[in-house]
Amino acid sequence: MTGGFDDLGYARPDTDREARMGLPEVVYGPGKTPQQMVGVVRSLLAGNEGPVLVTRLEPDAAAAVADAVPGSSYDPVARLLAWRPAAPRPFRVVVVSAGTSDGPVAAEAAAVATAIGLQVDELRDVGVAGVHRLLGETERMASADAVICVAGMEGALPSVVGGLVGCPVIAVPTSVGYGAVFEGITPLLAMLSSCAAGLVVVNIDSGFGAAIAAHRMALRAPR
Amino acid sequence: MTGGFDDLGYARPDTDREARMGLPEVVYGPGKTPQQMVGVVRSLLAGNEGPVLVTRLEPDAAAAVADAVPGSSYDPVARLLAWRPAAPRPFRVVVVSAGTSDGPVAAEAAAVATAIGLQVDELRDVGVAGVHRLLGETERMASADAVICVAGMEGALPSVVGGLVGCPVIAVPTSVGYGAVFEGITPLLAMLSSCAAGLVVVNIDSGFGAAIAAHRMALRAPR
Amino acid sequence: MTGGFDDLGYARPDTDREARMGLPEVVYGPGKTPQQMVGVVRSLLAGNEGPVLVTRLEPDAAAAVADAVPGSSYDPVARLLAWRPAAPRPFRVVVVSAGTSDGPVAAEAAAVATAIGLQVDELRDVGVAGVHRLLGETERMASADAVICVAGMEGALPSVVGGLVGCPVIAVPTSVGYGAVFEGITPLLAMLSSCAAGLVVVNIDSGFGAAIAAHRMALRAPR
Amino acid sequence: MTGGFDDLGYARPDTDREARMGLPEVVYGPGKTPQQMVGVVRSLLAGNEGPVLVTRLEPDAAAAVADAVPGSSYDPVARLLAWRPAAPRPFRVVVVSAGTSDGPVAAEAAAVATAIGLQVDELRDVGVAGVHRLLGETERMASADAVICVAGMEGALPSVVGGLVGCPVIAVPTSVGYGAVFEGITPLLAMLSSCAAGLVVVNIDSGFGAAIAAHRMALRAPR
Amino acid sequence: MTGGFDDLGYARPDTDREARMGLPEVVYGPGKTPQQMVGVVRSLLAGNEGPVLVTRLEPDAAAAVADAVPGSSYDPVARLLAWRPAAPRPFRVVVVSAGTSDGPVAAEAAAVATAIGLQVDELRDVGVAGVHRLLGETERMASADAVICVAGMEGALPSVVGGLVGCPVIAVPTSVGYGAVFEGITPLLAMLSSCAAGLVVVNIDSGFGAAIAAHRMALRAPR
Amino acid sequence: MTGGFDDLGYARPDTDREARMGLPEVVYGPGKTPQQMVGVVRSLLAGNEGPVLVTRLEPDAAAAVADAVPGSSYDPVARLLAWRPAAPRPFRVVVVSAGTSDGPVAAEAAAVATAIGLQVDELRDVGVAGVHRLLGETERMASADAVICVAGMEGALPSVVGGLVGCPVIAVPTSVGYGAVFEGITPLLAMLSSCAAGLVVVNIDSGFGAAIAAHRMALRAPR
Amino acid sequence: MTGGFDDLGYARPDTDREARMGLPEVVYGPGKTPQQMVGVVRSLLAGNEGPVLVTRLEPDAAAAVADAVPGSSYDPVARLLAWRPAAPRPFRVVVVSAGTSDGPVAAEAAAVATAIGLQVDELRDVGVAGVHRLLGETERMASADAVICVAGMEGALPSVVGGLVGCPVIAVPTSVGYGAVFEGITPLLAMLSSCAAGLVVVNIDSGFGAAIAAHRMALRAPR
Amino acid sequence: MTGGFDDLGYARPDTDREARMGLPEVVYGPGKTPQQMVGVVRSLLAGNEGPVLVTRLEPDAAAAVADAVPGSSYDPVARLLAWRPAAPRPFRVVVVSAGTSDGPVAAEAAAVATAIGLQVDELRDVGVAGVHRLLGETERMASADAVICVAGMEGALPSVVGGLVGCPVIAVPTSVGYGAVFEGITPLLAMLSSCAAGLVVVNIDSGFGAAIAAHRMALRAPR
């Protein structure tokens, strides 16, 4: 593990990342065999002190990895496998989602955020076609340290939320919808083009990316 | 003019259209010489009774055509040249626009609608980044026969309006914005993907198309 | 149910929508579990008086929901599950489709329109490659309150229909075709670019969107 | 000129092409200096017997080349500079265009076709929004050896024409229109996706390509 | 069958097409039930005298239709089901394909062309990476009435062939390849952009479209 | 100014925004006349206490507005016109840019951030083709409250920076480059796809958006 | 086998390629039947002396071909079936990959390179989010004859490597990632837009193409 | 200049690059002021021994920079400004271009290659529509150390060249053409999708990139 990484041949787990970023490397599951994931997870558990996570893992693969490395918990909606979740820190994130179908992406954001020690408050199905469902929750959102805003289809929700609150708004486009939604391209472009100033955007369906973005803000933001 | 059209060689003005659609053919200006426009306008004035319009005409070309065919009025913001505007009909259209920069497209919608006899009420700069500017106007929009909703950038306004009112909402994406707006592709796709049910969409920057769509509804809708 | 919605945690059915739009919220099926749909449908049936619909539901999921909430009917071609269909209203919609393969989208438009109380007349397989099949039906279309025009491939049918009739024409692009059709992008763009003035367009394959657009017009259009 | 070409250093005029294809190489003007064009034209005049053409030439460049190489004629609408036009051959092409704004592309098709000896019949402004203007010309088109069909916007005209006539239909999309026309992509895709069987398509705005395609058919088709 | 079509409710077989185009309507299989295809085929067999074809039919569906309507033959590579093939006519088509993987598209072109009475000569695997395999066949191609040129990947073959022969060249892009081929978009665009003058292009993978294009030329071209 | 906005007819300045977001509404210059900007700026100066900014203003337009509303300063590289800049707050932003050509976008980020009271440290021309220029600045970046990372071409810089530091990284793609850069689409997509976890992205060339995103974080982050 | 190829009817194996390129034709597996592959492989083995390869072959198809033509070896990760591997030549290629999930593409590059006689050194999981894992390997890469650099997601690795070493860098984008990665379009465009001068790029996921590019350089480069 | 670069504030010229890559950093002109270019050029001349180049410079800007830093030469077709050209090295590059209009891109490749010491042989206007112009030059290309192959439109030339020769082929797509060429996207995709194995591709219009790629090969290839 000299040089800040562990050389497994097929992988080089970055054991120095916890020092640089306050969080161990997170394992992206797709495209890796269970054996590869087991090796990487063991290396990360040994070389770091904080939470170790594998994302986007279907139940069968999760079971295979969990059997080989004890101590994990698995969330099947979020598809997250986690060891050593972090203790809660004083940084509150509201995860807002536009429709019930956006649930799995919101769940990934919430599960990752919880596993890395952020406090999570979830607000679901407040899409702009019935904007009164959202307006009554303004104070709940405005008092947060950050809002993660998840929406598919036209992706309008972050624009409205961003106009209501001053705290950071992390927009997550989802692939929910059909036709002109183009697997999430439309809400992605809409969020990037928002008239609400200072929105920031992560990749399509990336609840994970939004949670880590909130972690970066939390490093800076102990009110 | 037998056969429902006038054969000018370079053009065949459709003199039968007023009978079929309740409105003479409208001339699309770009790509036509002033001489061609003069010929077509004269033919339409002779072969119909209603308003004759040329759209998307810059001031110089408009002056050339107006000089040759008396009786017109020109709106430089809407770029519309019109003869024989129609008398007002009992159909009220609210033209709502998201930002001041969307003004020329909203102006085209309003000018065409007025010229063909619809009653127009304009509501400007009510974009969703300050949604309180819009919410106080709900009744004004809900009582209309149709709402034309003009927005660039993320194109979220029609989704919010469509959730507030039951009347027809005609969404017009504009090319206002930069970067990921892609000359209006983003609001176009967003409007087509809206979670507000029953929105209808016309081409990018087509205030003209929205006004004629309202005309079609007006043929059917004398409350 | 205070505040115009019912808070189920995973969803917030908009119980106020019937008052605003003359129609209860419609449930979009994909991405929701049967349990979630059952909960939302029960809430909507309790909180509204009009028809309650779930769209895009495959037979197995439809059976699960239908078993849990009595009183529904299911249309397997349209993939529509409906409770409490509305009584017929004096608004006639002609649903015109270009080819036999466009049938399921036309069926969704017709089934939704019927369920919400519009009168539906269907005209199938009148694509422009044999335009004589269409020309004989001009009066039937021109006398309607609205025409819903469904086409895939090059999407030319609404342009021809829009030139024949003066009533509102709602164009629905479908994903029928291959290669350069690009899953419906081509007819979508063609319909938006139509030389027939005043066409309006909804999302690819959205028979549902077209029917609700007609509903909005019907609110305004008791001839 | 051994080896079937003339080596000018900056260019290799293909002096063998007339033998292979029945027509000398045609010079594409853009991106070439007048000096380069003069050299290539002289080489082609010397090495072939048939017509020599330079396409897409603006008036200033055309004048410079014409001054240096006598005997040309220039068509400013078609932007075509030509020497030694061919004698008429018994192959009749009808060039049909949808709108007046499509004129320059139709003009290029007609001018090139005439210069290479085809008989040209032009039919303008018969777009599908007034389909009666087209239907009366069916026999005129059906009796041709080939129809060149030029349209922008939604590009529906070739579909209708292709359903009316059995002869070859060469579809030419144009960049006429705005917004969702995307500089001609939309009519291009529409023509490729046509439900009218056996249409063939050339590049956007390529009246030239359509005329040469007709030439290839004419080599095969002396009725 | 008055008015030139047969009204089956779900379909309107165009019984007049044989008179207009020299060939009965061809049935596009995808999206139709076997029952619908049986009905349409029976109508076309009754209302026309020439060959009746169903394209893009998988073996199971073909068997179901063939059992219900006797007298067909089925080509599983071309996925073509045909009744009453036409007698050979004096029009020779060379179907050239770039690679072995392009075989099914070339097979569709050849099978449809044969069924409608054209004479077919096939030349396979002559892609430009070994251009000597092609050059020896120049005369065989140049003496044809038309060349159908099938290629995926970079789609360069029609450009080379188009420079070698003067007869009509119908380019068919295929979806063969991966990555930057984008399901056939790349060869499609390449063929449309060819430096070989007068190529014409049909839809991606449309061996059918190419064969019918040749039929249109054959109507005009009895040498 | 009741209801939280000022109704100028052509615009509705949002005078309530300072209360909600800690910053007055910012005026987007393009598409507005000088007269419109003057009216909006006066309204914002009267209705708020904080800085008032107009973005993307060319020198001529800036001079016209500045003459009418005294007290402004103009930055011609950033194209920013500002009144009443805010006093510095204890939040340090490092603006890192990949190349000298990215300068104007970095300048906009720096100028807006300074005007709204953030402390700005600029680090230029540290693109990844000479990564040693960047590595020596790690501590300078890691000690910031946020890093704004500006890059065109392949947009790789934020990925490297995001791996070096734990603080928030706001990635700004620019339109610098040619060919496959596609006016900034390539760095935009690259930044959204980054393997460095927790990056957030704003619109192409939007130095403004990045600065306001930092402002949102600053509201939460007084260390 | 006269004329430099073997005519099998369905294929024309290019038996002259070994003379022109120093390597026999390589067989692309997808879209070919096992029978076709067997025939082509036999022809290539008979007509050449060097290695014969079939790429992108799944295990079942590989087994069928291997059974029919003895002497092969199969690499299931690289999906490569090979006969008569070449003896090692003095040309060393370092295959660098960004993440473990890029493994199969790197494996194809390594397996093809080895089979055609290049010396291969593999360096895995050195993505730019932990750039220290890469920096320690600079000399290992700089001393190579060529570097093949494999990366998905944002594709930044070749830019960093290209800035560290002077030898040829062949960039291979992969389809690894989700959302805005768009099946590899994003790393492809990023690599083409790199600020590191002189990078060259091959098709998405084409480990094969990169290995053959190195072969071309090896023909020229015996140090 | 410690740390391998020179810190000018607005730029950090990479003075270490000559040691790593055998060539000083090259300056990309667009987006830089003459003053910035002068500063960077002076720094590079002082900190390196080899040639210093500024690319893509229009005549006016070139004159301003050349006046301030003596000793340069300027090539207006290639738009290249160069100081201290390198002595010729034994590495021969053939620059092949498809059409006369591709000349400026070929000129940039040739001028940069010459300035950095490669031997250049130019072969112009050998596009595939007259493939005989190319076939006679096979040996001239096959004997080179590398071929740079420049083509717009359908970009087929590198596929044919790559099949004729075994040496490295660097394909350069150009933006020459119109319509479906899409500013060079089409030849770019075609070259990436080539059936000729082992082609490598650089950015659209990047003669510069191709020359530097050849330089990388030359470092490895003293035959």
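By letter and in written order, the chains are A, B, C, D, E, F, G and H; residue numbering begins at 1 in each of them.
The rule we apply is simple: a contact is a pair of C-beta atoms (placed from the backbone, for glycine too) under 8 Å apart; a residue touches a chain by one contact, two chains touch by 3 or more.
Predicted, not measured: the structure shown is a model, and the values here were computed from it.
Novice: Chains in contact with subunit A and with subunit G: which ones?
Specialist: F
Novice: Which angle of rotation, from 0 to 180°, maps the CA atoms of subunit C onto the equivalent atoms of subunit E, to the nearest 5?
Specialist: That pair's rotation angle lands at 90 degrees.
Novice: Could you classify the subunit G-subunit H contact as same or different, where same means more than half of all interface residue numbers appear on both copies?
Specialist: Comparing the two copies, subunit G and subunit H contact each other through largely the same residue numbers, since over half are shared.
Novice: Going by C-alpha centroids, which chain is farthest from subunit C? Tell me that one.
Specialist: With centres defined by C-alpha atoms, farthest from subunit C sits H.
Novice: Starting from the mean Cα coordinates of subunit D and subunit F, work out the distance between those two points in Å.
Specialist: Centres of subunit D and subunit F (C-alpha means) sit 50 Å apart.
Novice: Counting only Cα atoms for the centres, state how far subunit C is from subunit F in Å.
Specialist: For subunit C versus subunit F, the centre distance works out to 44 Å.
Novice: With chain centres taken as the means of their Cα atoms, state the distance from subunit B to subunit G in Å.
Specialist: A distance of 56 Å separates the two centres.
Novice: Could you pull out the residues of subunit H that touch at least 2 other chains?
Specialist: Residues 17, 99, 129-130, 163-164, 179-180, 188, 192-193, 197, 203-204 of subunit H touch two or more partner chains.
Novice: So which chains actually touch one another? I want all the pairs, not just one.
Specialist: A-B, A-C, A-F, A-G, B-C, B-D, B-F, C-D, C-E, D-E, D-H, E-G, E-H, F-G, F-H, G-H
Novice: In their complex, what parts of subunit B are in touch with subunit A?
Specialist: My answer: residues 98-99, 127-131, 135, 153-156, 159-160, 162-164, 177, 179-182, 185-187, 189-197.
Novice: Could you please specify the touching residues of subunit D with respect to subunit B in the complex?
Specialist: For this pair, the touching residues of subunit D are 99-103, 124-126, 129-130, 132-133, 136, 176, 178-180.
Novice: For subunit A, which residues are in contact with subunit F within the complex?
Specialist: Interface residues on subunit A, with respect to subunit F: 17, 20-23, 26, 142, 145-146, 163-170, 188, 192-193, 197-204, 208-209, 211-217, 219-223.
Novice: For the complex, which residues does subunit G have touching subunit E?
Specialist: So the residues of subunit G touching subunit E come out as 3-5, 9-12, 14, 16-17, 25, 28, 30-32, 36, 40, 173, 175, 184, 188, 203-206.
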